[in-house]
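Next, two complexes with chain A in common: one pairs it with chain B, the other with chain C.
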Partner chain A sequence: MKNRFRKVLAGIVTFAVLGVTAAVPAFAADKTDTGTGSITGNVTINGSISPLTISVTHPINVAYAISPDAETFTAPDIKVTNNTKVAVIATVESLKAASGGTLTFTDVDPSAKAWRSLSLADSKKYIALGIAAKGNSGWNSGYSTSTHWAVNDSPLQVGTLNPNTSGALSLTADYGLAFDGAYTANHQLVFQFQLA
Partner chain B sequence: MPLLAAGILLSGASPAFAASAASVLTLTATPNSSGNDVALNWTNSDKSRPYSYMLYSKSAHESTFQSIPAKDSAKVLNIYPVVAPTVSFTTWQGKSYTLPKSASLKMWMETPNEYDSKGYSKGLISVDTVSIFDFNANPDAYLKNADGSYKYDVLYFGAWDNNNLQDLSAAAEVGTEAFIKTGRGVCFGHDTLVSNDAIANPNFFKLANYVNIETINHYTPLGGSEISVTKKGLLTNYPWNIGGIGTALTVPTSHSNSQIALGDIWMAYQPPYPYCGGVPQSDSNGKGTNNFYLTTWSNCALIQTGHSDGEATPDEQRVTANTLFYLAQITTDTSWNDHKGQDLDAPDRPAISGVTHNSGRTQYTVNYSSQDNATGYQYYVEATGQNDGAKYDSPVVSASLKTGMKGYSIVVDNSPDTVPDGSVTTTSNSYTFSRPSGSSFYIHVAAVDNAGNISSVAHYPVDELVSVTHPVSIGYSIDPNSSTPFTALDIPIINNSTFPVRVSVAELKATSGIGDAAPTSFSDWNSLTAAQTGNGIALGVGISKTAGSGWTAVDLATPVYAGDLASEVPLGTLGANGASGYLALTAKFGLAWTKATDVSHELALNFTIAD
Partner chain C sequence: MTTEKINESKGKKEDKKRKRKWPYILAILLLLLLLLLLLLRSCGNQRPSPNPPPSSSITSSSTPSLDDTGSAEPGSGSTPSRQEILSRLQKQEVTVTDKVSAQASFSSGAKGSIGTWEVENPSSNTVIMQCEIMLDGETMAKSAPIYPGQHIDGLTLSRQVLPGNYNVTATIRYYSKDTKAYLGMADYKIHLSVS
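Our next item is the complex of A and B:
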C-alpha cells in the first residue's frame, strides 16, 4: 500500500509534521564462544526502520469566480510545496462538487454541454471544473499536462516535486452564463502525495 | 637432601688425630664421572706395623661424617635361630646345602636366580652359617681366626619370627659388641633387638644403641607387606639399583616391634599399616619413628626380615644384599672406589626459553636449557693399628663429582603437573612434537644427568582456548526524519583468553527484509527513490573507540561493508585477559522509506590467536 497523503482543498486542513523518535537499540544477552585456535561468533543485527514523513504545504482553500457578463473564469494558482526530505509524487485523487454553497453543481464533461446556451436552471446545475499542472512552476520534467476534470473518477498523477520545491496547479472551467444572482458553490479537491 | 644425616658413632663428628705424630696418613680423592664414583687412595708412612682402615665421608648435603663401605666383597656370618624346617639349595659355585630355613640368607645370596646367575649377592657376598646356640657357646670360635683376626666383615642375626625366642648369650653379646667396635658390620634381623612386655631379648637389646634404637615398653607393632624407599644412597643402588625415593617394594609381611628408630631410615611401611593396625609414633622427645623396615646407624642395621619365617621376596633379597654390602666397612687395602660418592645432585630445572609452532599449529617446538650440578664430598681415612688399636686420621680432602647432562625427559599432555619418568626423550636443547588434542596442553621438561638424577620439572602451559564474549544480537534504527537517522550502540567484544586475539569479519550479509548494496552504489544516498531505498542498504562494521580501549592493533581503520565483503577482513587485535573493545556499525541508506521496515543481517566474526 502506498503511503499517500490526502488533503482536501475546500476544507480546513491542519498540517502536522510528526516527529519520530527512534528507540535506542538494546543489546540482547551476551554469549561467550570458546574453542581452540580460532572460533567464530555470530551476531544478529536487527534493523528497525521508520517510514519517512511526507510534508507538503498547500492552501486550505482557493476561490474561483465566474463572471457571466465578462464570460470569465478566474482562480488563483494552487501552490504546492514539498517539504519532504525526498521528492514526492503529487496526484489529484479527486475533484468533486460538494454541498455547502448556495448552489451544488453537478460535474459534467466540458463537452457535454453547449455552455453558452445553457438555461438558467442548467447554468445553476452544471459545471465542468478541471485542474492541471502549471507549466514551469517547479514540477520535475515529465509532469502531466493533462487536465483532470471533476467529472472523471480516475486520479491524475500530476508530477514530481523535489524537496523544498513548489509547483503550481491551475483551475479551469466550462460553465453556463445564465445566473440570475450571486451564488456560491463548493468543490472538494483531494491530493495524494507519495514518495517518489 | 642429605645423603647421610647422622653423626659418627665410631669416631666422633670430626676427624681426630689420636695417634703417632710420626705417622703421616695421606688421602687423595679423584672423581670418576664415567663410573659415578670417587677413587680414594691413601698411604701410611708407618710401615712398622699392620693397619686396618675405615673411610669416612660426608657430602655437601650432610653435616657430619659417617663411615662408608670400603670393600668390593663381603664375608658374612649368618647366626641363625634354630628351627625345624629346612631348605635345600645349590649355590652358584655348585655346592649343595640343606640348612634350617632360618638360615636362608646363604640361599638368597648365593643361589642363581632369574635376575643374576650368582644370586642376589651377584657373587660379591659369601655367607657362612652357625646356629645361635653354637655361637652363644663360643662366639670367638666363629668370629675369629686362630691368630685372633676376625673372619668376617658382617654378622647377620636371623631370620625367624621372634628369632624363635633365642637370645644371645652374655658371651655372644660381648663378642658381638667387640666385633662392632672394630668397625665391622652387623645386621640384626626381625625380633632380635626387642625389649617390651610381650617379647624381650635382653642381651640382644644391649646392642640396640649401636643401631640407634629405642624401645617402647608396651608391645607396639607396626607393619605390613608394602614398603617404599625413603632414603637414597649406596644402600639403595649397589649392587642392586632398587629405586629412588618413593619406590614401592613388596616384602613378606613383617613389622617393627616396639622399636623407635633414630638413625637413617631407608625403607618404611606404607599406610594403612595392616599388621595389627599399627600407628606411627615417635619417642617421648618427638624423635624417631616406629615406622621403618630398614634402619642403619654407622656400621649396624636392623631389618625386619624374618617375621614370615624364612620367606623373602626378590625385593627383600635385593635389599638384604645391598644392606650387607653397605655394612662391610673395614679394609686393610689402601685404595677404594667409593660407590657411595655418587653424583646425587640433579641438574637445574630446565629454563624454557620459548615455544614456537608452525603456521598450522600442528607442530610445536619447545626450547630449553639446563646444566648439571656436581655433588661435593669430603673424605678422611682412619687408620687403626691392628696390634695396639691406636687410631689416627688423615686430613680431610674434597672431591666434586659431576656426571654431566644425559638429556631431557619430556612429556606433553593435558595435565598441569605431570612429572616425566626420567627416560631421556632427547639430548637436544629443543624438542618438536605434534600438537595434542584439546584447547590447551602442557609441556613438562626435566633434565637428566648421567647418574640418572632427574631435575625438578619445568611445566609450561600452552593455552589455545579462545574465549570471547559478545552480544548475541544487536539492533539499530534508521529514522529518516531525524537529523541523525542512523542510531546503533557499539558492539562490545571481551577477550577472555590468556592471549591476544585478532578479530576479523568473516561474513556480513542481509538475511531478511533488505538487500546489501555497496557503499559506492550511489553518489547521493539522500536522493534515492523509494524503490531504491527499499532495495538495499550498505551496512558496515569497524573498530570503534580505540583510545582507552583494549584494542592493541588496528588492521582496518575504516568500516568493512556487507556489499564489499569478498573474503575475511581483519579489523584489529584485542589484548589478553579480559581486554574489551568495541565494534561500531555504520550504514549508508536512502531516506525514502515508505513504511516501517524490519531488516536483519548476520555478522560472523572470527576470533583467532594473535601471536
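Our next item is the complex of A and C:
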C-alpha cells in the first residue's frame, strides 16, 4: 500500500516538474539581469488600444406642414442624441429641396421674395427653409445660434453634445400662401458627426 | 357669192355653239343659287335664338328652389390643432442609431486589400445601411448592405491608396427595408490608417 502511494506521489511530482519545464518557453521573453551591487532591469509595457465607436441617434427625414389659412409652418423638433462615450461635434452638412413629393420646391433666400403676395405658381415653386440649433436643448455652450438656410451650400457646425445627451434643432420657413390643393414636398437633411 | 355662203355657214355654226352652251350656263346658275341658299340657311342657324331652350340645371319654374335634403355640420370648419399636426408629422419621421468605428485600418494599400472597420446596424433600426469611405472625394471602399441586427467588421479597398494616415469621410446611406428606396444619409469623420 505504501509503495503504491509513493508511486502515485512520484507520478504527481514528475508531472508537476514536466509541467513547469514545459511552461518555461512561455516566458521566453523574460531575461535575467545579473551582476553585483545595483542591477537595472528594463521592462517594456505594450499597450493595445481599440478605436472608439461613434454612436449617434438622429432622424433621416424631416416632415413639415404649411397651413395657408392659418399662415402657420409646423415642424417637429429634430432631436440628435449622442450615445458615444465622449462628446461629438454635430454639423449640418446640407439641407436641400429634394424630389419625391407632389411639389419640388426651389430653395431661395428668405429676403428674395414678397412671400405673402406670391402667386399660385410661385407659391408652389419657392420656399426659404432654414434650420438652427434650439437653445437650452442640450448643446454645449458655444453652439451656433445662426440659421442655416437651404439655399446656402456651406455647412454649419451646430455644436457639441456630451455623452448621453440630446440636442434639438428646429426648422423655420418663409413660404407663399397660394396653394390650390394639398401638396407634399421633401427636403434632404445631411448631418456630419465627428469626435470632439 | 361664195363668200356669202361661207359667212352664212359660219353664222349657223355659231348659233349652234351658243345653243349648246345654254344648258351648261343654266346648270351653273342653278348650282350657285343652291349654294347661296345653303349659305343663308347656315348663317341663320348661327344666330342666337331669342328663346333658348331651358338648360338642365334650371328647373321648369322661373326661380330656383332649395333642395332641402341632408344636413351640414354646425359651427365653423374644424382645422387640426398644432399638436395634432405635430403628432401626424412625428409618425412620418424615421430615426436611426448608427454605431461606427472611429478608425478604418488596412495593412496594405493595394487594391483588393481587406481592412478592418466596424459598423453596426442595431436591431432597433428599421432601415438598411450601406457604408462608403471617401478619400479626396472618391470612393475607396464600399460595404455590403447591412440589415437591422447585422454588422460589418471589414472592407475591401476598391482602389490603391498610398500608405499613411488620413482624415476621411464615411458615408452611411439609408434604404427602406420594404421598398429598398433611398431615404437619406449621414456622414462621419473617421481616421484611416494604411500601412
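As a working rule, the second predicted complex is superposed on the first by the 145 of 196 C-alpha atoms of A that agree within 3 Å, B and C clash if a C-alpha of one lies under 4 Å from a C-alpha of the other, contacts with A are read in each partner's own complex, and residues count from 1 in each chain.
By definition in this document, a contact is a pair of C-beta atoms (placed from the backbone, for glycine too) under 8 Å apart; a residue touches a chain by one contact, two chains touch by 3 or more.
These numbers come from a predicted model, not from an experiment.
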Legend entry - Touching partner for A:Lys31 - first (chain B), second (chain C), both, neither: first
Legend entry - Partner chain(s) touched by A:Pro76 [first = chain B, second = chain C, both, neither]: second
Inset, instruction - Check whether A:Val62 is in contact with chain B, with chain C, with both or with neither, and answer first, second, both or neither. - result: second
Inset, instruction - Kindly classify A:Pro51 by the partners it touches after superposition: chain B alone (first), chain C alone (second), both, or neither? - result: both
Inset, instruction - Classify the contacts of A:Ile39 with the two partner chains as first (chain B alone), second (chain C alone), both, or neither. - result: first
Inset, instruction - Applying the touch criterion given at the start, work out whether A:Leu195 contacts chain B, chain C, both or neither, answering first, second, both or neither. - result: both
Inset, instruction - Using the touch definition from the top, say if A:Ala168 reaches chain B (first), chain C (second), both or neither. - result: neither
Inset, instruction - Decide which partner touches more residues of chain A, taking chain B and chain C as the two options. - result: B
Inset, instruction - Determine, under the contact definition given at the top, whether A:Leu103 touches first (chain B), second (chain C), both, or neither. - result: neither
Inset, instruction - Have a look at where A:Ala178 lands relative to chain B and chain C in the superposition and call it first, second, both or neither. - result: neither
Legend entry - Doubly contacted residues of chain A, that is, touched by chain B and again by chain C: 51-53, 194-195
Legend entry - Contact footprint of chain A on chain B as seen in their complex: 361, 438-439, 464-482, 485, 487-489, 491, 496, 506, 511, 513-514, 526-530, 537, 539, 585, 590-609
Legend entry - Touching residues (chain side chain C, partner chain A) in the complex: 79, 82, 85-86, 88-90, 92-103, 118, 120, 127, 169, 174, 183-191
Inset, instruction - Could you pull out which chain A residues touch chain C in their complex? - result: 51-65, 67, 69-70, 72, 74-76, 79, 83, 93, 188-195
Inset, instruction - In the complex, go through chain A and note every residue touching chain B. - result: 1-3, 18-53, 85-87, 194-196
